[in-house]
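Step one of this worksheet: look at the structure below.
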Amino acid sequence: MKICTKNILLLATLIFAVSGTAIAAETAGTTLAILGEVQKYNRAIHIMAMLLVGFGFLMVFVKKYGRSALTATYLLVSVSIPLYFLKESFFGIGSSEGLIDKLILAEFAAASLLICAGAVLGRLKMDQYLLLGILFVPIYALNEWIVVNGGLGLISGKVVDTGGSIVIHAFGAIFGLGVAASMTTQSEYDAPIECDDTSDRYSLLGSMVLWVFWPSFCAALVAPADVPATAVNVILALCGSTIATYFASVRLRGKIAAADIANATLAGGVAIGSTCDLAAPGTAFAIGILAGIVSTFGFAIIQSRLTEMTKKVDTCGVLYLHGLPGILGGVAAMLVVSGISFGAQLSGILITLVLAAGGGLISGKVICALGRRSAPYLDDEEFEGEAFEMNEVQPRAVETDPV
Amino acid sequence: MKICTKNILLLATLIFAVSGTAIAAETAGTTLAILGEVQKYNRAIHIMAMLLVGFGFLMVFVKKYGRSALTATYLLVSVSIPLYFLKESFFGIGSSEGLIDKLILAEFAAASLLICAGAVLGRLKMDQYLLLGILFVPIYALNEWIVVNGGLGLISGKVVDTGGSIVIHAFGAIFGLGVAASMTTQSEYDAPIECDDTSDRYSLLGSMVLWVFWPSFCAALVAPADVPATAVNVILALCGSTIATYFASVRLRGKIAAADIANATLAGGVAIGSTCDLAAPGTAFAIGILAGIVSTFGFAIIQSRLTEMTKKVDTCGVLYLHGLPGILGGVAAMLVVSGISFGAQLSGILITLVLAAGGGLISGKVICALGRRSAPYLDDEEFEGEAFEMNEVQPRAVETDPV
Amino acid sequence: MKICTKNILLLATLIFAVSGTAIAAETAGTTLAILGEVQKYNRAIHIMAMLLVGFGFLMVFVKKYGRSALTATYLLVSVSIPLYFLKESFFGIGSSEGLIDKLILAEFAAASLLICAGAVLGRLKMDQYLLLGILFVPIYALNEWIVVNGGLGLISGKVVDTGGSIVIHAFGAIFGLGVAASMTTQSEYDAPIECDDTSDRYSLLGSMVLWVFWPSFCAALVAPADVPATAVNVILALCGSTIATYFASVRLRGKIAAADIANATLAGGVAIGSTCDLAAPGTAFAIGILAGIVSTFGFAIIQSRLTEMTKKVDTCGVLYLHGLPGILGGVAAMLVVSGISFGAQLSGILITLVLAAGGGLISGKVICALGRRSAPYLDDEEFEGEAFEMNEVQPRAVETDPV
């Protein structure tokens, strides 16, 4: 009897030890997972700051087009995020991804769309931006599915593109060039895009907001343990491209162009995307320097010649900020990442470029077919003459009749 | 003897298993709680960005009143947060709330005060804003205590208002209208509020900062596990109101008004407040669309007529951004949340409106009684003529005598 | 035999209970540590927002120098962070600090450098800012090592300076004054620094971004459990200095100066640095009020007299925003922190001032020796005449030949 009691006691202890530990581990595990999600949420908010304030103000340099650029940013974000969610709830039934993962993927789609819109900025009406968003998101999602998730089985092996150099930046830029190619009119080409007098400071504000939160963009979906190294790599790449941009701008132009500083400084962030969680810090810095040089060379030397040659206008120069540095980043991964599949990486880049170019050309034709004008748009066409006239009931005398 | 040793060993094992598990769980639990607090701190910082940069720049549209609007924002935030803390340390002795919870509640009070100040922007001197803050915070705290915490036993049942559609937005807006009603002078009414030439971009900057961080405002105090769903709901509501605002603005005005885009886009965030942690994503999107339409209708149609009718000026149109969408959000909860107490919800809304209107009217009278002028204020009255004249010791020749 | 089995079972249970608990605790502990690192990463991003958007736009008030100020900010950050990392990888081999700790320390160095640059803003070319950064970082790191880490054994006892009132703010300001002292020319002194017409709003934007994220600056490296109290202290100190600045500005100048509001409001954050994790809330508020008064007194009364007396120009008034409030904060710690070593604290302050002044004077001489001009610089000298002239291939007729 005594032994029996002891046996039961022993068994109870064993069960308690096992289950107690397991429960404690599981409870802690659940809460840890939740805290991890909330941290990911923080990065999602940082990305949102990039989308609206960052991209929005980076594009506020076209003269008399500031309100349009900001409103377009608002609309493009607001149409692409629900659209991407809609696709997720159609196709993502068996998906193990959490809600914040879906939100971040939707924000990535919005970022790529904003890059695309930069190529045709100033030449679309508001409802045409909405149409562009509706055409863009499904093709973007198709490319993402093929390149990142192995959809259709087109790519065997893993494409290395954590921070989206290829599927976000290069895709958006080339798509935008496709749209620009199929819709730029002669009169748009003839009308040079001028800048506002205060525009450079607004653009630099947008640029800085992008710079600041770029680490959260690249580290958005990496495991918590990889966030620190990823963040430091991105920051080093951005430091590299910033310094390189200054020297390249002076060297290539004689003087610094504020447009170079606002744009090419970010090329390091674009190019480090593919390898942000895998590169060594020194490599990240070098990729940033290279990207800054390539991007500044694009803005300073290639842009004007290519524009003249093709008679097509890339308003924001997305080819030089997102296109070339994005491809550079995707290619750099083949040198930097050990054990990478060359075939998969190259296929990923090529499929992205083909889908983007094709999608852009077709989207441009569709937008034109639904009616557009040949000359660029100004704020005044769609916006009320004077913004923010409140209590404008009738013309009234000012400061008469003090009570 | 041998059995005795074994018994002791057995007992020791049991104790160890129990206590070890408990200690491990408790240690992990304490640290988890601390990490949860730090995450809440992050959302508190996001809200601070909304208060200063968001509300501050949203209000920078009144001509020659930019410095005043930003300085007023600084002062209103800086007076209301310590004041709310003071109340907490008087009444919150037995409170189980942590420090960050108190900070977030203080920020909510500051947000409501900034909304209130928007109604009378341009018509107060700096020390009158401070006075307004001192009058506002106690009445705000009283209403919060009655509606949210069941103070005085006036409301039986729970009022659903997680993100403050009722107690923050509607309260602040109606309080502000009360102040405006009791102090608008004829000459103020006669002096139309004009906009700066660059003001629209500043306002859109403020608007975008509010949009970006709004999810953290609504999710500030929800449990970590509810943060993702809450954030996605808020973002979908904002997407809905942004798209709806564009279409409503074009439809109602013929052209887009930048003021609509800067303001009504945010109405989804206001209206989703009450149900942000409870609504389904589709419902959140629908509430956003509805709020965007209501708000734009307010700015485009109601504002000018109501102004003319009442001869009272609501400078920022807080009735249309915070008042109506806030009430809409509070009422929507009755349709959306299952098991909600209709009586409590309606009582909460009505008590809020009555306390806000009464508090606002009285505060306006008090401010007037302590002396004010009839005409609107300009930056120049309180600010030095030229900002930022450094080393202005004496007029000196420029660029003479290079060394 | 039966007893033997039971003994083995008992032993197994004991081992399981011990190891299971230990493993669960360790796993949870590892993940908790990782989550703690990611939270620190968030604060590092907040600091980055302060460095670029905060300091950058705070300095956009010099007329025709906006692009230069923002580009200089970009370059100073991008040169100092990799440089500090380089030092870490040379000397930090045995260091137990994590990667994010190093990043935050590098950001602190960048912050101090930006403060330093504020003293000579408008009088350096871009490559001279880079040179300044290269000269500054090693001396900054030397001082940090001596004062914070007890390097060279110069200080016995701990210097209380969690948020860097002494080693970041005072060091940067005094270093900058040293540079200004050894390089200000007569013609620079004769050329008053004028402000842009929209500059005040840009400066207030920078100021507000600094205000908002300041709690993350001070709490960057404190333990998670101390983050809430530290954050609340910093916010209360900033509220105190903001209110005090308003009253002091009106009192001392008759009217409010926007420069006071943009700058002195932040003095509370500077001064609370040393004691941010140790002061009581009321003390923090009081330190903020005192710092606001001291700083405003500096801008309103001391600046013009000192400039006239010394014939040296402190462009941004860093002595009054960072120098005096930083020293105030370091000294305040001696009254506020119980058990503080007076000797260590005083030594820390004095060594910082001596190293900063000496380093600044020498750096100024080096910069001058490598060639500089006597007159201030304008954007136009280094920047292309018009920013953002895109597709400027050739002069083209506008809106001819619509297709």
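Brief remarks follow.
Note that the chains take the letters A, B and C in the order they are written out, and that residue 1 is the start of every chain.
Rule of thumb we're sticking to: a residue touches a chain if its C-beta (ideal position, glycine included) is under 8 Å from a C-beta of that chain, and two chains touch if they have at least 3 such contacts.
Everything numeric in this text was worked out from a predicted model, so none of it was measured.
A complete topology is adopted by the chain contact network, contact being made between every pair of chains.
Two copies of one sequence, subunit B and subunit C, touch each other mainly through non-matching residues, since under half of the numbers at the interface are common to both. A rotation of 120 degrees, rounded to a multiple of 5, brings the CA atoms of subunit A into register with those of subunit B. Annotation: 29 Å between the Cα-based centres of subunit B and subunit C. Within subunit B, residues 10, 13, 17, 21, 24, 28, 32, 35, 39, 42, 198, 205 each touch two or more of the remaining chains. Residues of subunit B touching subunit C in their complex: 6, 9-10, 12-13, 16-17, 20-21, 23-24, 27-28, 31-32, 34-35, 37-39, 41-42, 44-45, 48-49, 52-53, 56-57, 60, 66-67, 70-71, 74-75, 77-79, 81-82, 85, 98-100, 102-103, 126, 130, 198, 202, 205, 382-384, 386-394, 396-403. Residues 7, 10, 13-14, 17-18, 21, 24-25, 28-29, 32, 35-36, 39, 42, 46, 61, 185-187, 189-195, 198-201, 203-205, 208-209, 211-213, 215-216, 224-225, 227-229, 231-232, 235-236, 238-240, 242-243, 246, 250, 253, 255-259, 261-262, 265, 281, 285, 303-304, 307-308, 313, 315-317, 373-375 of subunit C are the ones touching subunit B in the complex.
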